[in-house]
Amino acid sequence: MNKIVNNAKEAIAGITNNMTLMLGGFGLCGIPENSITALVESDVTGLTCISNNAGVDDFGLGLLLQKHQIKKMISSYVGENKEFERQLLSGELEVELNPQGTLAERIRAGGAGIPAFYVPAGYGTEVAEGKETREYNGKMHLLEHSLVADFAIVKAWKGDAYGNLVYRETANNFNNMMASAGKITIAEVEEIVPVGTLNPNEVHTPGIFVQRVFKGENLEKRIEFVTEKQ
Amino acid sequence: MALDKNGIAKRIAQELQDGYYVNLGIGIPTLVANYIPEGVDVILQSENGLLGIGPFPDKGKADADLINAGKQTVTAIPGAAFFDSATSFAMIRGGHVDLTVLGAFEITDKGDISSWKIPGKMVKGMGGAMDLVASAKNIIVATTHTDRAGNSKLLKECTLPLTGVQCVKKVVTDLAVIDITENGFKLIERAPGVSVEEIVAKTEGRLIVEGEIPEMNI
Amino acid sequence: MALDKNGIAKRIAQELQDGYYVNLGIGIPTLVANYIPEGVDVILQSENGLLGIGPFPDKGKADADLINAGKQTVTAIPGAAFFDSATSFAMIRGGHVDLTVLGAFEITDKGDISSWKIPGKMVKGMGGAMDLVASAKNIIVATTHTDRAGNSKLLKECTLPLTGVQCVKKVVTDLAVIDITENGFKLIERAPGVSVEEIVAKTEGRLIVEGEIPEMNI
Amino acid sequence: MNKIVNNAKEAIAGITNNMTLMLGGFGLCGIPENSITALVESDVTGLTCISNNAGVDDFGLGLLLQKHQIKKMISSYVGENKEFERQLLSGELEVELNPQGTLAERIRAGGAGIPAFYVPAGYGTEVAEGKETREYNGKMHLLEHSLVADFAIVKAWKGDAYGNLVYRETANNFNNMMASAGKITIAEVEEIVPVGTLNPNEVHTPGIFVQRVFKGENLEKRIEFVTEKQ
């Protein structure tokens, strides 16, 4: 069983126009950089992208936005991106905003075969429009539905040929759930390690969820706001 | 005199209890971490997947993989734990976080809050705010009492899109500490040198003022 | 001649494809692991939280913390992963397991299965069987064709409490390989030396027999 | 912040008659042995126990069954226990059997503030009796509800004073979810390690879910079926 492919271009093979993609990361932390570059170069278009954020103007998903490759975003927070705001206000881009925890849970549910579930977040707000509601424990809840993707593209720290993944610090964020919710899941990793070297107690994403693994090259790992002790 | 941001943060820090798990929102709430009282041990949760936020890193030590929910580089305390976003919001939605502090554009005397969207003007998204306000056991809002134009932010009804309904328990502003009760806002403390009359004048929602209102002790 | 347990397991093993993730139930299904064809690389999932079941441990090396779903001590292969039960059933319910092999008391020509309860007699519980049959993309049942009294286990309707409805895709018995189609059971192969007549006689549900039925090649 | 208590007796303080408990473990693997012994000695009765299994006659939850301390069990598999079967058939013991994955997810949902969710398991079977059903993706699903407990009692390998836990091999099983679903969660650990020694990337249960930690003494770690190479 060897899921390793040579590079991002090979990894994204099969991604075609109008597909739904999940892309891991929180802000610019834990995003699959090489995969995004390969998508930009592929000229694939009409994408629906499920991603907590939309990158910044010149990095991350912002690069796909600039080339108008994205038709719709499903996200929780899309600040820090002027081009995004422009496309949204002009109607070029469709945007579905979700409460962040609801977004995370919808993705987990997609991977776990749970089509729908109730959460309190968003009750009484515009997020609730058109949604079924029900009271549990004296509190109103919304019925939310799972999300799956044609391809999920995640970024991990270490990975092996079986697809087992380990994340580093807060670069896990949405990656672990998204890995489970792609019909095909691509893992861009900083380091490929030999099968058997990851401690099986410490694997974050078991390989069953992952179909392709490749080593990301020249990762910039850009920091959005460098804050240091005064 | 009205408090500055740090004053508001300092007053909110007095609400922390030993052993609390606390989620601090972006802006003034983040400053609360600087004023945790001596002997009070709290652990800060960051919804992007960290329990145990530490101070900002030393110069040159920023780590791209270690950020807070405001996307600032941070450190992790000894005894911290990292996890994915689903687990993070399991903590929040499951009521495991003891106190949430967040900012707001508007709050009503019923505890409704608007904090995420100004139609036609700002479309950044709600991030984790809706999850936090819907599930936190205890929510304190940190805000200025009025907007820059001098309009009250403590209202009868929100004019901006809601983040959550009937969820805020306490508001700490530059002028006052206010509880949200069944009968509306209730004035608890006033900022040093600020008069009850000023607070009444700058509060649009129902405001209960009972007896002598002490000054904050900060 | 009717196959023994190992013969059934050996035939089922021919259904394994390179790269499959497979969940093997207790009993005959467990034996399938002994007959994985050369060059076919499969990873075995155990619903108690292990991906990558290895062989039984060497003498004296049994580890109380490392068991399979049948509570037998096992080992983990290099490249294995451990996880909690919620994650394990996320794999199963989410359709990530390619093939499930399990035993049964009864199967119907519609793919219904009874496997967990004999009222008034056996009340052990369903364990993970209901989750597995409800969600597996591909389910093979391993069973004897008849019970000890000689009654067919391949029926029109189950008489025992159901484990799942319309889920089984294939049955491998001591006598035959049978697919479950829209029109009922369909005989695919017969055990070496077993006649079509015997299989027809011992199958109570609708059974389609079309053309020459080859012997199994095991 | 110090959640360490001296022993099982201190750990179970506050458990009173007719409470609902969750107890981790799969078979006898990963069960909180000292805690069960302390419960037996406490004479607490009328318990509802949520546990995947019910132990064997003379170990694990079987010990509580023998003393008739359990009123109701919520489990998925209760074989390997004659006294259990006797009490069930005689009507002394109430039993609610759940599909194992549904049980695991109900507990996770309890900890995660999700009051209800849809799953396909059990549709068309006696498990579906009285439950709402709905079709998703061409398949019928049941609406299942979350489980929480007054006390969750879990067994971990290592734990620290903050309540961070790490499990070993398949002894994780139900423990991780249960830790999140107790109003008070007790962790019985094999080893207490100093705060800061667990790698924060490798913590399975973050301390926020755990209220009390103690070191289990003289753990037997009995094996139900020792199977070895022939």
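Letters A, B, C and D mark the chains as written, and numbering starts fresh at 1 in each.
Here is the rule we use: a residue touches a chain if its C-beta (ideal position, glycine included) is under 8 Å from a C-beta of that chain, and two chains touch if they have at least 3 such contacts.
All of these numbers come straight from a predicted model, not from anything done at the bench.
The fewest steps needed to get from chain A to chain D, moving only between touching chains, is 1.
Taking the definition of touch as given, a chain qualifies here only if it contacts chain A and chain C alike; those chains are D.
Ranked by distance of CA centroids from chain B, the top chain is C. Computed centre separation for the pair chain A/chain B is 28 angstrom, with centres defined by C-alpha atoms.
Work out the mean CA point of chain B and of chain D, and you get 36 Å between them. For the pair chain B and chain C, the distance between mean C-alpha positions equals 55 Å. Contact of a single residue of chain D with at least two other chains is seen at positions 105, 108, 112-114, 119-120, 167-169, 200-201. The multi-chain contact residues of chain B, meaning those touching 2 or more other chains, are 76, 82-83, 86, 89, 92-93, 135.
Two chains count as a pair here when they touch; such pairs are A-B, A-C, A-D, B-D, C-D. Those residues of chain C lying in contact with chain D across their complex are 46-50, 55-67, 70-74, 76, 82-86, 88-89, 92-93, 112, 120, 123-131, 134-135, 161-166.
The residues of chain D lying in touch with chain B in their complex are 1, 108, 110-114, 160-162, 164, 180, 195-196, 198, 200-201, 203, 206-209.
Those residues of chain D that touch chain C in the shared complex are 26-30, 52, 75-80, 85, 88-89, 95, 97, 99-105, 107-108, 119-127, 157, 167-177, 204, 221-229. Taken together, the chain C residues at the contact with chain A in this complex read 18-19, 21, 41, 43, 45, 51-52, 76, 78-83, 86-87, 89-97, 135. For chain A in complex with chain D, the residues that touch the partner chain are 105, 109, 112-120, 134, 136-137, 141, 166-169, 199-202.
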